C-alpha cells in the first residue's frame, strides 16, 4: 500500500520536475527560468524526502534542509541580479 | 545504472570542454565548473555506485567506499576556491583590458559584433 | 557589561533553545547545556542585526493568526489547483492595496500571507510603504480582493503591531 | 506500523505528490509569468509540506522520534516562498515582462 | 704545485691588477708583469726533465664522476707554448702601457688580459682533456670581452660576438669530441689518451670524434671556412690583436692538433681533412691579405694564411712536417706579434690604419720602419730570418706528399702560389707604408717615433727573428727538439736546422715565390682592378644578417606557436590528454567489466537525462549568459542529488552549499560583464571544438563504464573498521577528513584561505564600471534592499547559525561537519549582504575576515600539533567520553577543534572573496535612496 | 618518526598564519618575520638533508595512521635535495622582495610562505592525492603571487596560467580516480606494490590514468606542447615571483621523477617505464623550442623565461632515459639551472629598473647606472645558463652528455643539447651586448640606485653557480646516491612496514 503510494508520489514529483525543466528551458523570460529553478529546488526537497522514506533512513534529511536554504538564497540572488545587477553592494 | 552514470559524466566532460575552448572568460568559467562536476562525479564513482549505503557506521548494514567521498569533498572545496579565484581574475581582466576576451583586449574587438569572425587564432 | 551577558532577545533565545532540544534527538543534560549556550551565544552574535526591538504588542495573537493562515493555505492550494487544471483562461488583475499597517515586519507578514493564500501574490511594496501591489490570478473586481484581505488578515495584524 | 498510520502516510504522500505536480503543471501551462508565479508559491509549497508530514509520521512511527528537520523545512518553505515570489515579481516587472492580454491593472514601474 | 701555480698566477694577478690602476699605467703594467715573471721562474726548474723528452705531471682529484681532474702536464710542446704565452705576454703588457690612453679603463684591460693569459696557460698545461676544454672556452669568453673592450663601437661588439659564436661553438664541438675520446679510452687524462692512439683510431666512433675535435681546432685557429671571424676581431685594441690573434689564442687550435697528434693523426681521414683545410686556408688568407687596405686587416689575413700553413703541415702527417709546423709556430708568433705592434704604433702615431693614406713613413719614423721591415721580411720568407727557415721546411714537405698522379703536383703549386702572395703582401706592407710617396690627409700630422719603450717589445721580437734566422740550432734548437719530441710522442726524425740547405727544389720554390711576389706587387693595380670585380663579402654583415634573420625567424616562429591564445593552449592540452588516453582506451577489451550493469530506476534515469540536457544546454546557450547560468545551476542541483542518491549525504550537502555560493559569485562577476557573448568562432572552429569535446566525453564515458563494472577492493575497509574505535566518530567520511587524512584537509583549507587572500589583494585597486542597466537596456532598479527580503533575512541569521551549530556538532557522527556548517553560516551572512547591503552588514559583523581565516588555520594547526606534546605525530586525534554531573556523558574529541578551524576558515574565506567583489560596486558605499535608516 | 619532517611544512604554515593577522602591521615587522620564517625553513631543510644523507627512508605518518591508510611524508635524498634547493632559492627571492617588490599587497608574505608550504608538501608527500592537494596549495599561492604587484600586464598571462592549471587539476583528479578505481589505494609505496599486479582491462584503465597524469606533470613542467603559457606568465611576473617560479616547473619534473620511477618504474611489470618513450623526444623538442624562443626573445625576462623551457627539456631528456647516471646528471643540472635562472630573473629586473622606459627590452637605450655590476652578474648567469665553462651549467651538461649510452638516443641528445647551447650563447651574447653595451646618447631619469639587499639576493643566486662548481664533487656524490636510491623501489615500499608510535616493532 505504502509502497505503491510512495512510487506513485515519486512518479508525480518526477513528472513535476520534468515540467519545471520544460519551463526552465522554454523561458521565455529570465524570471520564468528562475522561478522554474526555484520550483525545481522544492521538488528536489520532495525527492530527497521520498528517497529517505524509501531507504528508511534519516541520513539525507539535512540535505533537504540545505536544499531549502540554498534554493531560497539562490533564487533571491538571481532575482536581485535581474533587477539590480549587483547582488552584493 | 552504470551506463546512465557514465553518460552523465561524458556529457559533463563534453560540454565542459567545449566551453573551455570558448573565447570569453565567462563561458570558460562555466566550462571549468561543468568539467569539475564531471570530475567530481567520476572521482566519487571510483569507489563504485551504491544505494542507501551511506558510510555512517550503524546506519545501515553495508557501506559504500568512504574514501572517494572524502576526496571529492576536498576536491569540491578546492574547486570552489579555484573558481572564485578565476572569476575574480576574469574581472581583473575585464577591468584592465576593457574586454572579457580570454586573451585580453584585441584590436579586432573594436569591430565586435562582426559575426563569424575568427578572433583568437590569428 | 551586564547587558553584554544578558539575553538580548528572550523570545529568540526561547525559540532557539526549544528547537535545539528537538534537533538533539531527545532531551539530555548535554543538549540542555548546549541549548542554553546557543540560546545565549547566537543572539549575542547577531544582536547587531536587530537594530530595533520588534514592536509586538500582542504576540499571543500570533498562533491564532497562523492557524487561520494554515487553513487558508490548504484551501488556497485547492482553489489554485482547480484553476490550473481547468481549461478556462484566468482573469488576472493587478491590485494596488492601500496598506494600513506601518511596521515593516507587519507589512512583510501581510505580504507573505497574501502570497500564500488563494490566488494572490504580493508583487511589490511601494517606496513609501503605503501601497502593496497584488497580482490576483482570477478575480471579478479589485475591491472585493482588497476587502477580503483587509478583513481577514490586516485587521489582526493591526492589533498585533501598533 | 499500524494500518492506519500506513494509510495516513500514503494519503499524505499522494496528496503531496499531486499538489507538487499541479504546481508544476501551473508553471508549465499558465499563460504569463505573473500567473505562473501562483503555482509554485502555493501548490508546490503545500505539496512538499504534505510529503514532509508523511515523512514525520513515517519516521516517528518507525521509532526514529519526531524529526525536527522536516518541520524546519516546511516552516522555512512557508516563510521563504512569498519572498521569492515577491523578488521574482519585482524582477519581472523591472524587466518589463508582459502580463497576459486580459490582465486588468498594470505592474508598477520599477 | 708549480704547474697549477703557473696557471693560477695570472688569475690572481687579474684580481690584483685593478688595485694598482690608481697608481697609473706604469704601476699596473709592472704589477701585471709580475705573475708572468714568477711563472717563468717556476717553469725553469723543469727544463732539465723536458730537454731529455720527459714530462712533468701534477695531478689532484676533482670530479671523478665526470672524469675531470686538476691534472697538469708539462712537456716540450706545452713548454714551448707556455713560453710564447708568457714572454710575448710580458712584452704586450709593456707595449700596452704606452698604447692605452690614461683615460681608458686600464684596470679592466689588464685584468682581462691576465685572465686570458691564465686561460691560455691552462689550455697548454692541462693534463686532462676536460680541464683543457674548460680553459679553452674561457679563452673564448675572455677574448670576447677583450675584443669588445671598446664596446661603444658597433664593430667591436659585432666582431666580439662573432668570435665568441664561432670559437665558443667550436668549443662545444670539441667538448663532444673529447667526450667521445674519453668514452673510447676510458679516461680524459692526456697520458692515457696519448697512449691510446691505436685504440682510438680503430674505434668506430673515431671519424666522429676526429671531426668534432677538428671543428674545435679549426674554428679556434680560423681555418677555412671558419676563418672569417679573425679579421673582424681586429677591432680589438692592438695589444690584444698582437697577443691573441697572432701569438696565442689562434694558436690554441694548432696546439690542440699538435697535442692530440699521437692520438688522432696518421690516418687518411686526418690527412684529407687537415691538409685540405690547411691548404684552402693558406691560399685564401694569402690571397685576401693582398687586397686589404687596412694594415691590421692585411696582417689578420696573413695570419689566417700562416695558420693554414701550419695546419697543412700537421695534416701532411709526416714527422718532419710536424717538426716544421712546430717550428713555424714559433717563427710566426715572433714576426707576427712584432708586426702587429708595429702596426699599432703606426696607427697610434698617424691616427689611421688605411694604407692608402699612410705613405712614406720612413722619413718620420725610421726606427720603427726598420723594425717593421725586418719582421715583414721574415713574414715574406727572406733568408737569414726565421720565417725563411720554416717556410723552406714547408716547401720541402709539400714535395713529399704521396698523392696519386697529377694530384702530387697540387701541394707544391699551392705552396708556391701562397708564397707568391705572401711576398706580395709583405712587399706591400713595406713599400706602401714606409715609401710610396707622401702621406695623404693623416689625422695626426706629422707622425713621429713613439715613446722609447713602446718600441722595446718590437725590438725584442725582431731580435728573436734574426737570432733564430741566423743561428737556429743554438737559439731555438733545444726547445724545438723537446717540443717536437712531445708532439710526436717519442721518436723525432733527423732534421737539420741550418740557415741554408744548399741549392735544392725548395730553394727554387722560394726564389720563384720571391720573384713572383715582387712582380705581383709591382703589377698590383691590375690585381686590385681584377679583385674589385668581385663583390667583397663583409662577413660581419653576413653574420649579423644571419643572426638577425634567425632572430626574426625565431621571433615569428614563437609568435605563431606562442600566440597568446588561451584557446590554442587549452586545445593543445585537451588534445594531449585525448591522445595519450586514447591508446589504452581503444585497447579496452570489453566496455562492461566483470560486475555487469545494475538496474536503472526511472527517476534516476530522468534526472540523468535532465542533467545531460542541461549540461549540453549550458554549452549551447553559453552566449546568453544568464540562461546558461540557470542551466548550470540545474546541473549543480542534480549533481548534489546524485550524491545523495548514491549514498553520499556529506557530499550532497557540500555540493549544494558550494553551488549556491558559486552562483552568487558568478552573478557578482556577470554584473560587470557583457550579458551576452558575441559569436566569434567560425563554423570550422566550432566543429573542431565540438569534435574534441565529444571525443573527451566519449572517452570519459568509456572509462567510467569500464571502471564502474570492474570488481574492486580498496583500503577503505580499514577506515570503516577504525572510524569508531580509532577516530571516535561514526561518520566515516568526516573521520577521514579530520583524522585519517586530516593533512589533506589542512591543505585544502589553506587553499581556500589563500584563494580568498589572493582575491582580496587582486581586487584591492581594481576599478570597474558596471553597465547602467541590464542587457535589454533597462536601467537598474533603485530598490537595492527590498523590504520583504530584508525582513526575512534577519530572523534567518540566528536560525542558520543554530543549524550550523547542529550540523557542525553532529558532523563527526552523522552527515555534516565543519565545511558544511561553515558554508551554511556563510550563506546566511551572504543573505544579509544581499538583503541589506554591504555597509549595513559590515557594520554589524564584528570581525575582520582576514583574522577569521588566520584564526581558523591556527585552530586547525594547533589542534593537530596538540598531539606532539604526547609524543604522537602531528594530527593524531584523541577523544574521550566525559561524564559530568547533571550534564551527563558526552564526547570530547580533539578532531572537533580541528573541524572548528575548518569552520572558521570556510566562513572567513568565502565571505572575504564575495565581499571583495561586492566592494567593487559603485553603490557599496552609498545608501540607496529607498533605504530607511 | 622524527618530527623534523614536518618542519618545512609547519614553519611556513605558522609563518603564513602569522602574516595573515599582520595585514596592518608595519611593513618592517612583516618583512623581518617573513625573512626569519624563510630562514628557518632553510635551516630545517638542511637538517633534513643531513638526515637523508644516510640513504634511509624516513616517514612521518600524520595522525599516527599506518600507511597506506593515513597520509605519510617520506624523506629521502631526492626530497631533501628539492627542499634545500627550494629554500635557498626562496630565501634569496624573499630577500630580493623586501627591497620593495613586496609593497602594494599586504598579503605578499602570506602568499609567499604558503607557496613554500605547498612546494614542501609536494616534495615530501608519499601520497598521490595529497600530492594533488600540495599542487593546489602551491598553485593557488602562485596565482596570487603572479598577480601581485598590480598593473595590467600580468592579467592575461595570469589568466591563462590559472585556467590551464585548473584544467590540469581536473585531469589530475581524473587520473587519481582511474588509478584508485583499480588499485584501491593512494599511497605511492602501496601503488608501487599493487600496480605490477594489475591485469586485464584494469591495466588499460591504469595505463590511461598514468598517461593522463603524465600530461598533468608535463603541463606543470612546461613540456612541449604544453609550454606556451609559460614565457609570458613568467616574463610578466614581478621579479622575485618569477625567480621563485623557477622552481615551479621543477615541481613537475620532480613529480615525474617521483611517480614514474616509483610507481611506473622498472618493476612495474606491464606498465614499466610508462610514457618514457614519449617523454624523451618531447623533451628534446622542448629544448629546441626553448632555444628558438630564446633567440627570438625581445626582452631579458622573456629570454630567461625561455631559458626555463630549455632547462625543462634538458632535464627531462635524461630523466626519460632513466639510468642511474642520467638521473644523477639531471639532478645535478636541476640544482644548477634552478638557481641560475632565478638569479637571471632578478638581474633582469635590476636592469629593467635602471633603464627607464626601455626596461629590460633588448633595444638601445641610454647608458644605465650600475652597468658594470649588472653586466658582470648577467654575464655570469648567461655563461652558467648556456652551459659554458667554468660555471655549474657546464658540469651539469657534461654529466648529462656523458650519461647517455651510445646509440640513436645519444646522437639526438648530443646534437640537440650542443647545438642548443651554441644558439643560446648567440642569444645571450646578442642580448647582453645590446642591453649593456649598445648605448645611445640621452638622459635617463635616474632611478634610485640598486639597494644592497636586492643586489645581494641576485648576486647570491648567481654566485651559487660558482659554489656548485666548488662543491661539485660532494654534490655529484649526493646526486649519484640519490639516483641509486630512486632506482631501488623495493626499499621505498618498505615504508609500508614502518611501525607507528606506541606500537611494538
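We just call them A, B, C, D, E and F in the order they show up, numbering each chain from 1.
Convention: a residue touches a chain if its C-beta (ideal position, glycine included) is under 8 Å from a C-beta of that chain, and two chains touch if they have at least 3 such contacts.
To keep track of the chains, here are their UniProt names: A = K+/H+ antiporter subunit F; B = Na+/H+ antiporter subunit C; C = Na+/H+ antiporter subunit E; D = Na+/H+ antiporter subunit G; E = Monovalent cation/H+ antiporter subunit A; F = Monovalent cation/H+ antiporter subunit D.
This structure is a prediction, so every number in the text was calculated from the model and none was measured.
Steps from subunit A (K+/H+ antiporter subunit F) to subunit D (Na+/H+ antiporter subunit G), taking the shortest chain of touch contacts, total 1. Any chain that touches subunit B (Na+/H+ antiporter subunit C) and also touches subunit F is listed here: E.
Taking the mean of C-alpha positions as each chain's centre, the chain lying farthest from the centre of subunit D (Na+/H+ antiporter subunit G) is E. For subunit C (Na+/H+ antiporter subunit E), the chain with the farthest CA centroid is E. Between the chain pairs A-E and E-F, more C-beta pairs are in contact across E-F. Each chain gets a centre from its C-alpha atoms; the one nearest the centre of all protein C-alpha atoms is F. With each centre defined as the average position of its C-alpha atoms, the distance from subunit B (Na+/H+ antiporter subunit C) to subunit D (Na+/H+ antiporter subunit G) rounds to 32 Å. Rounded to whole angstrom units, the spacing between the C-alpha centres of subunit D (Na+/H+ antiporter subunit G) and subunit E is 70. Between the Cα centres of subunit C (Na+/H+ antiporter subunit E) and subunit E there is a gap of 74 Å. Between subunit B (Na+/H+ antiporter subunit C) and subunit C (Na+/H+ antiporter subunit E) the centroid-to-centroid distance comes to 40 Å (mean Cα coordinates, whole Å). Shown for subunit E are the residues that touch two or more other chains, namely 563-564, 566, 568, 570, 574, 645, 649, 668, 670, 700, 703, 707, 712, 714-716, 719, 740-741, 744, 748, 751, 754-755, 758, 762, 774, 781, 783, 786, 788-789, 792, 803, 814-815, 917.
Annotation for subunit D (Na+/H+ antiporter subunit G): residues 23, 25, 37, 39, 45, 47, 69, 72, 79-80, 82-83, 86-87, 89-90, 94-95, 110 touch two or more other chains.
Residues of subunit A (K+/H+ antiporter subunit F) in contact with two or more other chains: 10-11, 17-18, 30, 34, 59-60, 62, 65, 69, 76, 80, 82-83. Chain pairs that touch, as defined above: A-B, A-D, A-E, B-E, B-F, C-D, C-E, D-E, E-F. Partner subunit C (Na+/H+ antiporter subunit E) is touched in their complex by these residues of subunit D (Na+/H+ antiporter subunit G): 19, 22-23, 25-26, 29-32, 34-35, 37-39, 41-43, 45-47, 65-66, 68-69, 71-72, 78-79, 81-83, 85-86, 89-90, 93, 99-100, 102-108, 110.
Interface residues of subunit C (Na+/H+ antiporter subunit E), counted against subunit D (Na+/H+ antiporter subunit G) in their complex, comprise 19, 22-23, 25-26, 73-74, 76-77, 80-81, 83-85, 89-96, 111-117, 119, 121-124, 126, 133, 135, 137, 142. Residue ranges of subunit D (Na+/H+ antiporter subunit G) in contact with subunit A (K+/H+ antiporter subunit F), taken from their complex: 6-7, 9-11, 13-14, 16-18, 20-21, 23-25, 27-28, 33, 36-37, 39-40, 44-45, 47-48, 51-52, 54-55, 58-59, 62, 64, 67, 69-70, 72-73, 76-77, 80, 83-84, 87-92, 94-95, 97, 110. The residues of subunit E lying in touch with subunit A (K+/H+ antiporter subunit F) in their complex are 602-603, 606-607, 610, 613-614, 617, 626-627, 630-631, 633-634, 637, 640-641, 644-645, 649, 652-653, 656-657, 659-660, 663-664, 667-668, 670-671, 770-771, 773-774, 780-781, 783-784, 786, 789, 800, 803, 807, 814-816, 820, 824, 827-828, 830-831, 833-835, 837-838, 914-915, 917-918, 921, 923-924.
By the touch rule above, subunit A (K+/H+ antiporter subunit F) contacts subunit E in their complex via residues 10-11, 14, 17-18, 21, 24-25, 27, 30, 33-34, 37, 40-41, 44, 47-48, 51, 59-60, 62-63, 65-67, 69-71, 73-74, 76-78, 80-89.
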